Every structure is written in structure tokens, then in C-alpha cells.
Amino acid sequence: MKKLKCAVLGATGAAGQQFVEATKDHPWFETTGLYASERSAGKKYCDAASWIEEGEIPEYARDIVVKNVTEIEKDIQQYDVVLSALPSDLAKIVEEKCAKEKPVISTASAYRYDADVPVLVPEVNYGHIPLIEQQKKRGWKGFVVPGPNCTTVGLVVSLKPIIDEFGIKNVFMTSLQALSGAGYPGVPSLDILDNVIPFIGGEEGKVEKETLKILGKINSEGVENAPLKVSCTCTRVHVKDGHMETVFVETEKPCSAEGYKAAIAKFNEKCRKEFGDLPSYPKDAEAIVVKEEENRPQPKRDRSIGDGMSTIVGRIRSDQIFSNGIKYVVLSHNTKKGAAKGGMLGLEYLVKKGYVK
Amino acid sequence: MKKLKCAVLGATGAAGQQFVEATKDHPWFETTGLYASERSAGKKYCDAASWIEEGEIPEYARDIVVKNVTEIEKDIQQYDVVLSALPSDLAKIVEEKCAKEKPVISTASAYRYDADVPVLVPEVNYGHIPLIEQQKKRGWKGFVVPGPNCTTVGLVVSLKPIIDEFGIKNVFMTSLQALSGAGYPGVPSLDILDNVIPFIGGEEGKVEKETLKILGKINSEGVENAPLKVSCTCTRVHVKDGHMETVFVETEKPCSAEGYKAAIAKFNEKCRKEFGDLPSYPKDAEAIVVKEEENRPQPKRDRSIGDGMSTIVGRIRSDQIFSNGIKYVVLSHNTKKGAAKGGMLGLEYLVKKGYVK
Amino acid sequence: MKKLKCAVLGATGAAGQQFVEATKDHPWFETTGLYASERSAGKKYCDAASWIEEGEIPEYARDIVVKNVTEIEKDIQQYDVVLSALPSDLAKIVEEKCAKEKPVISTASAYRYDADVPVLVPEVNYGHIPLIEQQKKRGWKGFVVPGPNCTTVGLVVSLKPIIDEFGIKNVFMTSLQALSGAGYPGVPSLDILDNVIPFIGGEEGKVEKETLKILGKINSEGVENAPLKVSCTCTRVHVKDGHMETVFVETEKPCSAEGYKAAIAKFNEKCRKEFGDLPSYPKDAEAIVVKEEENRPQPKRDRSIGDGMSTIVGRIRSDQIFSNGIKYVVLSHNTKKGAAKGGMLGLEYLVKKGYVK
Amino acid sequence: MKKLKCAVLGATGAAGQQFVEATKDHPWFETTGLYASERSAGKKYCDAASWIEEGEIPEYARDIVVKNVTEIEKDIQQYDVVLSALPSDLAKIVEEKCAKEKPVISTASAYRYDADVPVLVPEVNYGHIPLIEQQKKRGWKGFVVPGPNCTTVGLVVSLKPIIDEFGIKNVFMTSLQALSGAGYPGVPSLDILDNVIPFIGGEEGKVEKETLKILGKINSEGVENAPLKVSCTCTRVHVKDGHMETVFVETEKPCSAEGYKAAIAKFNEKCRKEFGDLPSYPKDAEAIVVKEEENRPQPKRDRSIGDGMSTIVGRIRSDQIFSNGIKYVVLSHNTKKGAAKGGMLGLEYLVKKGYVK
């Protein structure tokens, strides 16, 4: 199979670097164009990008000359798909220009809340994909498919088996988020050494809003939000990667710890069937991995399960407060499943279903 | 005034060291006896104790020869009060022997759940103090007054103005606890560097139980638990001191952010009147300090307010889930207000009220 | 005594904040003017400065309206002394303007290497102070007295007793420097979590150069460098405050561990006599504190000795490589002794000696 | 090829776990027996060992029942080679018993300083291997080959090209060592958060002694130490893995930065020829990797180069103090190259050379 050609927008930033990494040695895609701000334009990628992750800039990308993102419009026909890691305000403008011609996979929030745009977490709402047909009304030949905020991802994956089997009324969530979620340079070391910062600008609202949409149902108008409520407090902790969340769920029907685990098993089976053949789907682990040890999941020890694409759930207990309820801890790798690599899984599924070719 | 003489039990451990520190230069008390395990007995305190806190062992304590804790029974008449930082199983036995003769202030959990024992957080339940009269039925001339688990302290102080003004139905709490809460050597560095541990043995049950008792009312049988429910997930984070908690509260009556703040102001005024003359009560800060900045309280920046004796509340928001509800973040210094120094405030109040002399 | 009025230049930055802190409740000085960049000008200090240290902005400074640093020239007569924490390039210009009229104490490097400028570490080179007379040739009524780089401070203080008693030929130094040395926002947390950065731009050259000048002798031309050589490797470690250095010294004469300690005792006695009456000189500790424990000094445990104004030396051992040599570890508080508060000590001495009035 | 059977002694400790990991999927070896203290004996390995590293206990080892290390003597004929990670005092006794029959590869220091025992770092002193013939005089059919202290490894590898090309007179080394070097539980988090500990018991003496032996020449009596002197200060920093060292070297002949790099290139070529076919030799990297960036090597970013088997050297500069000298920073992965995996490389070479079969 000839590989599909990708342009990465915002290629020098943290999320952009993750797209560059995620398309390295990918069997279906290759990144052939890198776009960033004027400041980087004209430089080799290895000179323009201050590589954040351990290891080195992928060999293939080192010598690609970065272009100004303003040039993507005229270059667009060179690519089969656009991977956007632009800041949200810029994404609003540039992603539209790209979507007129080609599919756009995005980590930006610019289009997340539009009625005809699915916020894709494949395991949870692949059923929303037909929504993108409605984007044709915008006069677009392509479309925009954003992923959610990285904090939303672990939450919605872990809630999906519950809503399907038991129904959900209310969710209380406290996040303990990793530093890499703030990009680079991000959080100053003096602010986080020996500290927790109990606030992340805009995060709580995003999670509360996106969760309802992702867990909702599509209809002819777009997405009908799931009929539940979510309340969050988001904090930043001294961890490099891996967003942990403590979750308390009030369910419609009784939900025991064993019941939740059974629902997870069913969910995993379905996911394996639907996505098991996709390159970015976890190989040696399930979509949701349940940890039975009382002190897990832990970011350092568990974030890389399934190469960062599994969602790890532990400390599953029934909740004594609700008549029907369950509580647990969930961990999701914010720069893998929660960002570019999660986007790649969605893209692979779109290829499989014929929306991208 | 002649200073009251104190014996510190478990003097070499983390909590014991805090009693040694808390009685340094205290205007009402002086520590004149130090008791620990057989291993330390016969050594000078400066040789027996591996001092954990910054700074040095208080000068007064350096050369005191540590005695075996088994000797406290025969030494008991030398002291006016016993400060116990014993492990809980040992506390069960030794505190009883001491209480037969003298008042015992304790950080151990051994007697916390007995009907005739108040779990004292003075600002919240000084009204429980008469309970100690019931301990005379045990044939004790003295009594035992333990403080709660360090994670309970910030929670009950922050809930008190709410329960008084608005009533409380349900509480969801997630803690982000400091390393010093685990004592010394405590948490291995390899376990917590770049990590969160989402479990602390026994902690959740203690908080869920103690909160109801402390917020309850006394009657002739002991304490009647407050009619509310508490559900917790406790985690350990990479912070030295200061337990942070995210709290979601369902109230009986509507409770706005402004309403909560007004209730706090009222609570502070009452506390200042009742405790303002006590040496360990915060001097330049109130019992509850409200931080208005959106990213506070933070352990590093705020734990030392009121010399670690204030409870810091921030991010006060009404909750969209409950018909009536409020959510916030609370911070309490676990080795000061949450341990020995908190015990000292209780002791000072007992002196003021004539229970200790 | 009427307090001398100070202007702080660069008041919103890390070093400037330290001057604001160091003049709080100072018996001899008060800060009455705050100057910073255009961006801060016109704002109250509490709105302009993002306060880095624990605790709050000093009450006295909160409501002072920050002025543009360009205005200091016309305001200069309102002040008795200028405290400059400007970036070095700006310091070059602005400090000159101020020095034409008034004494300037500076943490900037702009004038450090000029022949007629003493780099003042009072305990080490108060004998260099007469140099400032030579600045009159510049047509200045005032003068500039900078302190050294924060990494130089601990080194020169610890070397002074050695050079005086034993002579020094060569020094090998490796620093393990704190994050606060990089200012704010400074080092991104993603760069230093689970990491060491073995490079600090320009630092090694500064230490190697300044050490020779500070330990040198003055003559009619300025300072004659001390006849020794210094070779450094500077690293950044995951510590908030306190620069630690490992030092290997080849001496002229034999120098045992006991010999070094005796020289330190002599040095301390001299310092106590010369500086003991100055407000910023350590009260309960000596200029150099020797730690005998084998695992000290440690930044967290020892940096605050003498309220951050003592230099802590430990692990003193004779060196088996040199015919005559000594090795040790030294710790100095980089934002106290190594910055504004160290500058204040110098200023106090200049007052005592009649150079500032 | 039939795989050689290995017994791991001290299998539940940190170093033992690394042998279990290092023999997973090894093409030449398989671990078939696990031995530990009485406390672990009789338990499945997955129950006996608290797995320290990220990821899970290797599948093959989970259900192996751990035996008491006292049983190795009678089991010895079941194995082709013994991998010992015993504490040093126990190693003294048990390794002897094993060596009577079989080859023993060890991370313990028990035999390191015996004349007939090579301290093997293959790239540096594979020429010492014939020494093991002399162990026959002990009446042993097998032999003991220990690796050096983990802090010695990076130093001797980085010194080898220098001594070969330029000669070495003196070495000053300061280490910044990782927490995993202290084993598990190792360093308490309260001791190292926001701190450096400038002392590691016994470490400096080991490095100073082992370096001379490893860089020495063998003769009929054993090893003749290299004629140089080493002086060290060892510190512990807040890093999980990867020992960094700053090194100042006085050479016999002039040695420029370029000269050192050329010597490294020559060394790498020789190593590739001698060891390139061994499974544990780095695949995509050389024995010594030179980093040209001014702020490298860094533990987090560089420790995994060559899967932790490369030695990383950076900041190469000529030294201004010595007439002939060079200084640099070196990084070595202490739990890979510096422990079990380094031992495996030696073992593989012994197989290649026919000493183990």
C-alpha cells in the first residue's frame, strides 16, 4: 500500500512533535510536510524544534525544511490528510482552509463544540463519525475531526462501559494532571517543585462539556448530549506524563465493582473486534486495563501500558453515598492516547471506513 | 505561671518530634521527659532521634536521656500531662495506664472511636469536651483526648461553617496528601518521583468515620454522628508538607460561594473569641483563610499561613450537579494543625477550661 | 535614626523581589521607590509582581506604584541609595546614571570586571572598599558596588581562610545549583524533573574570573588577581534554593582537615568583630558553619542557617592527590547570601564605614 | 543453540530483578532458578518480589518458586552459570561455594579486591580475563567475575581512551548519582525532595580503588594498578536512573578536546570489532557516545542511549589549570551498564572466548 501523505501543522510545538513521532515508521502514513510559525519557517526541523521527549528527533524529520503555516493553503493538494496541532485561535482559520479540500485531524479545540463535528474517541463514539457528512453543507470536500481535551479522554473511556450497562446520572471528577499537558516551556519548575497547583485554566469547563457530547447520541441536527452531569476540579501535580483522575459516579441502575468489571470486559471485546486491526490500537493490552492491586494505577508504572494507548482503571469500589454508584481511579497517557497518537487511531479508523483515502 | 510538665511518648518518631518542637519555648508547657522504644532507651535524645525537620533538635531536648516507654507508668506522677505519639497498638495499652492518673493528648487512633472519647478539633467540636467526664467511669483520674487523622482535620474545619449554616447531605473528597504524612522513612523516593500513589492504607475509612463523629452532637451516650455521608479517595503526591483536598458538598439549603464565605467569616469570629488567647492559635491569620486567587491554595505557598495552624480554603464555586451544593479546595498543614501542634491547641483550651491544671 | 531611603530597580523580577523582602522591617533602610520595565509601570506593585517566594508580598510594598526605570534619573535625589537588580545590559546604562549622584548596590554583573569596582563579599574582601574612591575619576558623586555571581559567593567565603593560612595554587569546583538561581519563570519543569542539566550559560567563566578578583589585593591600579587558578563545571539540580559545590583545593602549604577548621574559627572570630553589629550578619550562627555529620551540608536542611547568611562547609578531608590539599563541600543560599541580602550586608558595612549616609 | 541455564541469587532485590530482566528473551541464556532470603523462599517470584521498574515482572519468572539461597550449593549442577546480586557479606560465602563448580557473574563487591579476580568492564579491561585462570589455585572449577561499583563504570570507560592515548596523572571526579543506585526502599523521599545528599557510604573509596585496578595491567601476580590518582566526592541527586559525573583529568601528554574525541572514535571502533556481535552490546549507538550540545548529557534524555549500555560523554573542554588536561561530563546508566546488564555483556564475552560453556 502506498502511504498516505500527511502535513503536520504546528509541528514545532509539543503536540506537533507528537504527530511527528506518531507517524514515524507508521505503516499507513508518512509525514512529508511540516508547518509552523514564521519564526521557524525556512529552518530545518532539527534546528527549529526544541525536542521535548526523551530520545532524538525522528531521523526522517530532521532535515525537512519547516514552512510557514500560511503556505498550507496553496500546498494542500500535496497531502492526503492534515494533522493539526495549532493553537485554537489559529486552528479556527487554518483548519477551515484545509478542510475545504482534505481531511483534518486536530488536537485543537477550535471546532470541538460545533454541531456537525464529532469529538472523536474511537472506542467511545465511533458511531458519531457519520456526522462528518454534515460538514459538506459547509462546502467542504474534506472535514475536521478533533480529539477532545486530554483530560476528557480517560474519563469518557472509563465511563463508556458504565453508561452502556448501568446508565449515569452524575459524575464527580478530580484530576491530578501531568506537566506535559501544559506544553513546553509550560509550568516553571519553581511553581511545581514541592507543590500542587489546584487550577488549570479552562480545563474544567472543557471536560464537563465534552464528556456530555462524546457520550451523547447523534441525530439529524448533530449530537444530543448525554443526559448526565459532570463536575470537576482539575489540579496539576509533579508528574511528567499521565493524567490521573478520581471518579465518583452515580448510576441509574445498581453497579457493583464486579458489574463494572464485567462491563469493561464486554467493552474491551467489542473494541478488539472493531479496532484490533488498526496499527495504533494497543497490541498486548486491552482498551481498558483493570489493575487489581490496591495502589494502582500509578502514572510512572502504568502510563505506558499498551504503548500509552490503553486506559487504566483501578481502585474500583461501590460508593456508599449514592443508592447506586461506583468509584474508581483512572489513568490515561495525556501525550499519547490523549493527544496525537489518539488522533492517529481515529484517523486509521476513518481510513478503514473509507472516509480517508 | 509555673509551666506544666509534659512527657512525650514515642518521642523519636515523626509525630513525637513534632511534640518536642511544639513545646519548645511554649509559655504554658515544658517537656521534661522523653519516652521511646527500648532501642532508644538510655541514649541522649540527640543521638536517639534522627531529626526530620529542617533546622536542629531544640536545644532543651538534646541532652535529655530517652527512657523506655514501659517506664512511664512508674514516672507518671512527675508529669502534669502526657503527649502521646505512639503507634496505635501500643497506644491502646500505654495511654490507658497514663490516663488512669493524668490527662493524655494523643495523635494515635487507638481511642478515637470509643463512645466516651472526643476526637478534638477545637474550632469544630469544643462542645464535645464534656465527654471526657464520662471517662471517669473507666476509673480514670485523667483522660485521653486524641486528635483525628491528619486528613480529617482540613475537611472538618472547612465543613463546619457549611453544616452550621446550610446543612450537609453528602461529601465527595479526593485528597492529595504530603509525604510527611507517612512518617519517616515513609515513602521510598523511587515510589514517588514522577508519580502519584492513589492509595493510603486505612485512610479513607478513617476520614469517612471521623468526620461524622467530629461534626456530630454529644448526648448522654456519647456522640451522635452527624447525619451526612462522606466518600473519599486518598492519594499521595510529591509534596513535603500540606494535605490538599478537593471537596464537593451537597447541602440541605442553597449555598452560594458568597454564602459560604459569609459563614466562614462568622466561624472565624467565633473562633477568635473562643481561642484567640491561646498560644497556638494563629496570630496573623484566621482559623480559615479564604484565598481568592484562582490557583490557590497551594501547599508550598500556603501551608505555613498562621504558622501552619490555619485552614486554607480556595476555589469556592457553587456546584452545578446538586440542586444545592458547593465545591472548593482545602489545604491543611498535616504535621502542624494536623498533628502535634493541633493537639497542643486542644490542650491549651483544656487548660483554659480547667480540665488540665 | 532616620532610615535611609532606597529605590529598587528591576523590582518585579526575582532578585528585585529579594531586595523588597530584604529591606522589609530593616532598622536602617526603607524602600520607598520601585522601578521596573514599561510593562509594569503605573501598576501597583502587588499587581505588577508575580511574587515568587512563599508568603505574601510585604505589606509596605503592596500599594507602591511601580515606575518606569527610565524615571530613576530624574527621581534620584529622593533616595539615599539605589538597589539595582537590573539585567546586566540595562544595568550598564542605568547604574551609571544613578552612580553619578548616589551609591548603587547591585546584583548585576555590568560593572563587576571594571578595575575600579570592588566585587564585594564583605567577609572576604572588605579591604577592597577603598577602591570606590577611584570611581570619583569617572565624575561620579556616588559609586557602584556589585556583588558577585551567586555561585562565586560560597566558593570565595570557603576559600578565604585557606588562602590566608595555607595559600592556594589550584581549585577544582563542581556546582550543583538551585532552580531559583535561574530566576522566574526560569527552568521549565519538564527540563528538570528526574534530571540534571550539566550546563549554565556563562556561569563557569564568571566564577573562574570573579574568584581571582575577590581574593586579590588592591593596589593603585585596582585589584591584582590572586595568583591561583580555578576550574569549574556548573550543573543545575532539582533543588529550590541553595547552591552546593564540591571543592578540591591544592594549597601552598600542608593543610589538614583540622588546620582548615582552625583557620575557619579564626576567620569567624574576625568576621564577628568586624560585622557582628550589622543587622544582616547572622545572629545565631557564624560566617562559616562547619558541619561534622558525614552527610552534610544539605540544601534543604542547612540553607537557612544564619537566616541564609552563613556559608556551610562540610565533608572536610585532606586530599590524597595533591602533596598539599584539602577537599570539602560548601553550601550557600543563592537568593539570600548570594543575592540581595548579601548586598544589604555590604551596604550596611558601607554605612558603618561612612561611605553611605 | 541450547540456552545456558542461569540461577539468579538475591533475585528479589533491585540488582537481582535487573538480572531477571536482563535474561528475559536473551538469545543465549535463560534464568531457570531464583534464590533469595528465607523470607522469600517458597513463594512464587511474583509474590516475593516487589517489582521496582516500570512495566511488569517478566512473564517467564512470575511463577518460578523462589528458593532459599542456602540451597544453591546442592542445586549447583542444574545451572551453567550463576548470576549473583547478593549483599556483599553473604556473597563472600555463597559465591565461593558456587565458584567451586561453576562460573559466577556478580554485582557484589566481595571479591573485587582479590588479586586473582578481574573487575570486568569488558570494553576497558577484557585483557584481564586470563586472571581467572589463577582462581584455579583456589581449587575452583568455576570462577568469580564481579563488575565494579556502578559509579566506577562511567568513569573508567570515559578514561580508557585518554589513558591509552595521552596517559593520566590525576583525576578529580564529582558524582551526581541516581536514586536507584541505593536499591529499594533506598533513599526516603523526605530526604531527597528539594535536596542533595553529598555523601554515599563507602562509594568514594570504591571508585578511587577500583579505577586503578580496572585501568591497570595484569602480570603473574594479578593486577598492577595504573599509576594514577583519583579523588572523588559522591553525591545523591533527585534523579531516578543515570549516574552523572564531572571529571577533571591531568594527562601526561597534551590532550585537546579534539584529541579526546579522536581517541574515543578509535576506542569505539575497537569495541565494535571486539564486542559488536554480543547481544548486550549497544546496537544503534557506540560504546561511548559524544554529545556536542552544550547542555548534555542529561540523565533523563540520554541514559537510555544504546539501551542503557552506552557511556555518554559531553562538555569536553581542555582544562586551563593543568599544563596538560581535559575536563568533561560523563553519564552511565547505573542499573543497566552499571549493574546486571553490564554483567551480562561480560558474561557474553566469556562465552565467546570459551570461558563459559
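The chains carry the letters A, B, C and D, assigned in the order they are written, with residues numbered from 1 in each.
Here is the rule we use: a contact is a pair of C-beta atoms (placed from the backbone, for glycine too) under 8 Å apart; a residue touches a chain by one contact, two chains touch by 3 or more.
Values in this document were obtained by computation on a predicted structure and should not be read as measured data.
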Relative to subunit C, chain with the most remote C-alpha centre: A
Residue-number overlap at the subunit B/subunit C interface, same or different (half cut): same
Pair with more cross-chain C-beta pairs in contact, given A-B and A-D: A-B
Distance between chain centroids, defined by C-alpha means - subunit A, subunit B (Å): 42
Centroid spacing, where centroids are CA-atom means, of subunit A and subunit D in whole angstrom: 41
Contacts with 2+ other chains: residues of subunit B: 193-194, 238, 240, 300-301
List of subunit C residues in touch with subunit D within their complex: 170, 172, 174, 176, 193-199, 208, 229-231, 233, 235, 237-240, 244, 246, 248, 294-301, 314-315, 319-321, 327, 329
Contact set on subunit A toward subunit C in their complex: 52, 179-180, 184-194, 238, 240
Interfacial residue positions of subunit D with respect to subunit A in the complex: 54-55, 193-194, 300-301, 304
